[in-house]
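Structures incoming, each one as structure tokens.
Next come two complexes, and both contain chain A; in the first it sits with chain B, in the second with chain C.
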Partner chain A sequence: MTARVLLLHGAVIVALFLLQFVASDYAVLTATRIMVLAVYALGYNILFGYAGLLSLGHAMFFATGLYAAALGVTRLGMAVPEAFLFAAVCGVIVSTVIGLIALRASGVAFMIVTLMFSQAAFLTVLYFGDITRGDEGIVIKDDQRVFSLFGHVVNLADPVLRYNIALVFLALAIAACLAVVRSKIGHVLVAIRENENRTAMLGYDVKRYKLIAFVLSGSFAAFSGAAYALLFAYAGSTLASIQYSIHPLLWTLLGGAATVLGPVLGTALMFLLVDFASGFTSASLLFVGVVLILLVLFFPKGILGTLRQRLWRWLP
Partner chain B sequence: MGFFPHLLLAILEGTVAAAVLALSALGLSLVFGVMRVVNVAHGEFFMLGAMLAWFVAKSVPGGPAAGFVVALIVAPLAVGALAFVTERLLLRRINYDPEATIVATIGLMFVIQQLALTVFGADAKAVSAPFTYRIALPWFGFSGYKLFVVLASVALLLGVWWVLAKTKLGLIMRVTQFDRETATAFGIPVNQVYSAVFVAGAALVAIAAVLIVPIQQAHYLMGLDPLLMSFIVVIIGGLGSIKGSVIAAIIIGLSDGIISMFFSPTLASIIATLAVALVLVFRPQGLFGVPAR
Partner chain C sequence: MTVLLETRGLSKNFGGLKAVSDVNFRVEKGEVRAVIGPNGAGKTTFVSLISGRIAPSAGTILFEGEDVTELPAYARVQKGIAYTFQITSIYQNLSVAENVALAAHQPGGRASLEPLARVGLADRASQIAGTLAYGHQRLLEVAMGLALKPKLLILDEPTQGLSDAEIDNFITLVRDVARDETVLLIEHNMPLVMELAHRITVLDRGSILAEGTPQEVHANAAVQAAYLGTG
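Up next is the complex of A and B:
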């Protein structure tokens, strides 16, 4: 791994660490949210950007983590770390099962299959409204978010602590992404995206690599969902809806698909844009729509994708 | 009410549901069949049709029947015009790339939704049916307008089938569907065919919306349901096969009516969406489609 790649990604993490000393309380909260959701986008990018598979149903994996963590704490009496592990295991299992079925389809059929599975998952959340409390949602009580780790008492209601946990979480996710895309797996995934038949002919087990990408991507979404539920003490059905399948696609496209930092940048920019827009209109989805159309028409490679094409060829 | 009257009501409601499904899916099926692109904004075209029906009914004097007739003309024209602009400025510029089309029409879906929210407001709007005849059965009364919707959808489906199967226009569409490049080589103006098909698909869904809105309500978020339902019908029936779509609409409509009546509507939707996913996985060409070459 070249030094400047490490330097760039390290600098981003350090900058985010320093941000908490200058930003307002509100900005710290927004940044925490952005960092947690950026992990979702990072995972989405592994499947969409590198393997070239467009999923319209990642909200089901996000929701798996979200509800497993929230129900683990509120119903099954788990402490926060146990609930996170439980949600992570659920995420891996669900994405493996769905991946095995959905990857039998390709192209437009793959998109619609993932959309349909996700819609079925969303309706299931509503169907079991007694447990999930529908769009009203599950609220985790403050005393359920206090736990002890290695002898220290940790309280997730503390915003500064929460910010730093989200930062560590994001840093780990970026490191994992870098490791994957620069490994053999990452190269084979790009080969599949560019020409699946040729990759298969060269002797790679294409199905296995696609499944690896799918499970990695779905698991990242579940980790992000679990962290979201635990850090913000809330799990509601809106977070399982189609919109939440489209958000990571938008963030990834905006920042630049198939660049490691693209999804992080895209998530942050879109949050700032919607935040800015909500100052004078309540129709924030209008901006989401306009940005999607403009990206497809004029900017299909996204911000970092264009930068890589023009300036920094070394960008991973 | 005993079991059999209950079952009869479920079957009647199921037939209406089947007609609604076939009507809303017809436009999507046509567009996918000929152009091989998925228009995610299809549901929003439906919503616009319903909103226009409400707006026309409100502003045209002479009662619901006059408003209904005017809406049947205005809604497909207006929605068709929007589809024309969309095709020119969006789909043609991205060269009908299937993935880019999906992303772009998702964007369009949000834009139309939010503009409808701004223009028409967030409350649900009821539109009264053009006539209010009730058919009296020994156990319950049933809306005559609902049966009219069933008949209208049969007529519309037959009409589209006739155009596709028996006219020169339909022949040109089928040739374009079969092989775009060869069609171009034989002097068929493929771009104009695409444009016409996209506009016709939008106009059809707008007509469907005008017909259906008296038995539902117009709301700016109503587009998602017909979109997903159209996906379900079109996929189970076989992408691009209108006959398959109709059969699928009947199966799904009836089972939806019966499951909703005896269990719960949400359960019916869950079963239908899972059925689609599994059909796509194990029989990608749909139940009645022909495998892609």
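Up next is the complex of A and C:
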């Protein structure tokens, strides 16, 4: 791995670490949320940006992690670390099963199939309202978020601690993404995106590589969902709705698909945009919409995608 | 001589149309075999069956004595059956070197540029493949086939759209390739086939009409009637 790649990604993590010493309480909370959701976007980008598969149903994986963690802690009596593990395992299982089915389709059909599964998952959450508490949601009590790790008592209600946990997750996700993208798998995924037929006729098991991308991506989503539930003590059906399938797509497009840091930047910018716009208008989404249209018109490859095209050819 | 590829009773029906019908076909190791035939004779269907891009309706395909009929295309490529597309199919947005590296199963790594040197594209390794001239894209397609280090290289109408000068270069290239690999050449260009092929198989309406050396095929009355005209 080239030094400047390590340097750039390391610098982003260090900058985020330093942010907590200068930012307001509100900014720290927002940044925590952004970092957790950026993990979701990073995973989405593996499938969408690198493998070129547009899923409209990733909310089901996010919700898988969200509810696995929330129910694990509130109903199954799990401690927080166990709940994370449980959510990750659920994420792998659900994304493998859905992937095996959805990847039989491609193109628009793949988008529709993922969308349908996700809607079915959303309706399932509502149907089992006495367990999931529907759109009212599950609130995790503070004492359920306290656990001991290596002899230290950890309380997830502490905002600074929460921020740093989210930062660790983000750093791990970025590192994992970099490793995948620069590995043989990452290059083959790009080859599939660029020319699937050719890739199969070069002797690559295209189905297997697509499934790997799908499961990686779904597992990132589930882990992010678990972190969201446990760090913010809440799991509601809105987080399983179609909106949360579209969000990672927009974040990825905004920051730059098929760049490692693009989804992180995109997530942050979108939050800041909404925040900024809602400061002076109640039609903040209209403002965001206009920005997105301008972006697609003038920077179709997203911010980092355009930067890579024009300036930094080395950007992974 | 050992048999590299063999088909037994190979057939493919598209609805009522018998695109390939009961074809028994053998290719010996080391030969350059041409498959010719009029448009619609089933040539491309036939090689698609061999490469595994479509599944046969009946019959078996043996490669090095092993039944590969049920193997998916990618697994046949791994066994040594390389297919170059009739319509150029390269990674337009990737560099020429990365195209070859993917073929050599060393994506992102430093794959040998030897296949590029063989087709004469070594000095264009860092160029984006889609910006190559058409003739060069065809050569890159062949280089990718070579990078797979195949036992059988299937060239599906490789000279389509090439200029006469490019075709001359191509003949030299295939001769060079044929020293190490077995080549199955699907071609329309008769002078090229006559010059390159050790043996020629003529397909007509999905069946083998004739088979033999270029001279034998050229002298065959049935072939002349079906395809060659009186020339």
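Basically, the second predicted complex is superposed on the first by the 301 of 316 C-alpha atoms of A that agree within 3 Å, B and C clash if a C-alpha of one lies under 4 Å from a C-alpha of the other, contacts with A are read in each partner's own complex, and residues count from 1 in each chain.
Keep in mind that, in the parts below, a contact is a pair of C-beta atoms (placed from the backbone, for glycine too) under 8 Å apart; a residue touches a chain by one contact, two chains touch by 3 or more.
None of the values given here were measured: they were computed from a predicted structure.
Undergrad: Who does A:Asp205 touch here: chain B (first), chain C (second), both, or neither?
TA: It touches chain C, and chain B stays clear.
Undergrad: Let me test your reading of the model: by the given contact rule, A:Val290 touches which partner, first (chain B), second (chain C), both or neither?
TA: first
Undergrad: Who does A:Lys184 touch here: chain B (first), chain C (second), both, or neither?
TA: After superposition on chain A, A:Lys184 lies in contact with chain C alone.
Undergrad: Touch test for A:Leu54: chain B only (first), chain C only (second), both, or neither?
TA: first
Undergrad: Answer with first, second, both or neither: which of chain B and chain C does A:Gly107 touch in the superposed model?
TA: first
Undergrad: Of the two partner chains, chain B (first) and chain C (second), which one does A:Asn197 touch, if any: first, second, both, or neither?
TA: Touch status of A:Asn197: second partner only.
Undergrad: In the overlay, work out which of chain B or chain C sits against more residues of chain A.
TA: B
Undergrad: Mind listing the chain A positions that touch chain C in their complex?
TA: Within the complex, chain A contacts chain C at residues 182-184, 186-188, 190-191, 194-195, 197-206.
Undergrad: Provide the residue numbers of chain C that touch chain A in the complex, in ascending order.
TA: Interface residues on the chain C side: 51, 53, 72-75, 77-78, 82-83, 85, 89-94, 98, 102-103, 105-108, 144, 148.
Undergrad: Please name which positions on chain A make contact with chain B in the complex.
TA: Per the stated touch rule, the residues are 54, 56, 101-102, 104-105, 107-109, 111-113, 115-117, 119-120, 123-124, 126-127, 242, 246, 249, 253, 283, 285-286, 288-293, 295-297, 300.
Undergrad: Residue numbers of chain B touching chain A in their complex, please.
TA: Those residues of chain B that touch chain A are 38, 90, 93-94, 98-100, 102-104, 106-115, 117-118, 224, 228, 231-232, 235, 264, 266-267, 269-270, 273-274, 276-278, 280-282, 284.
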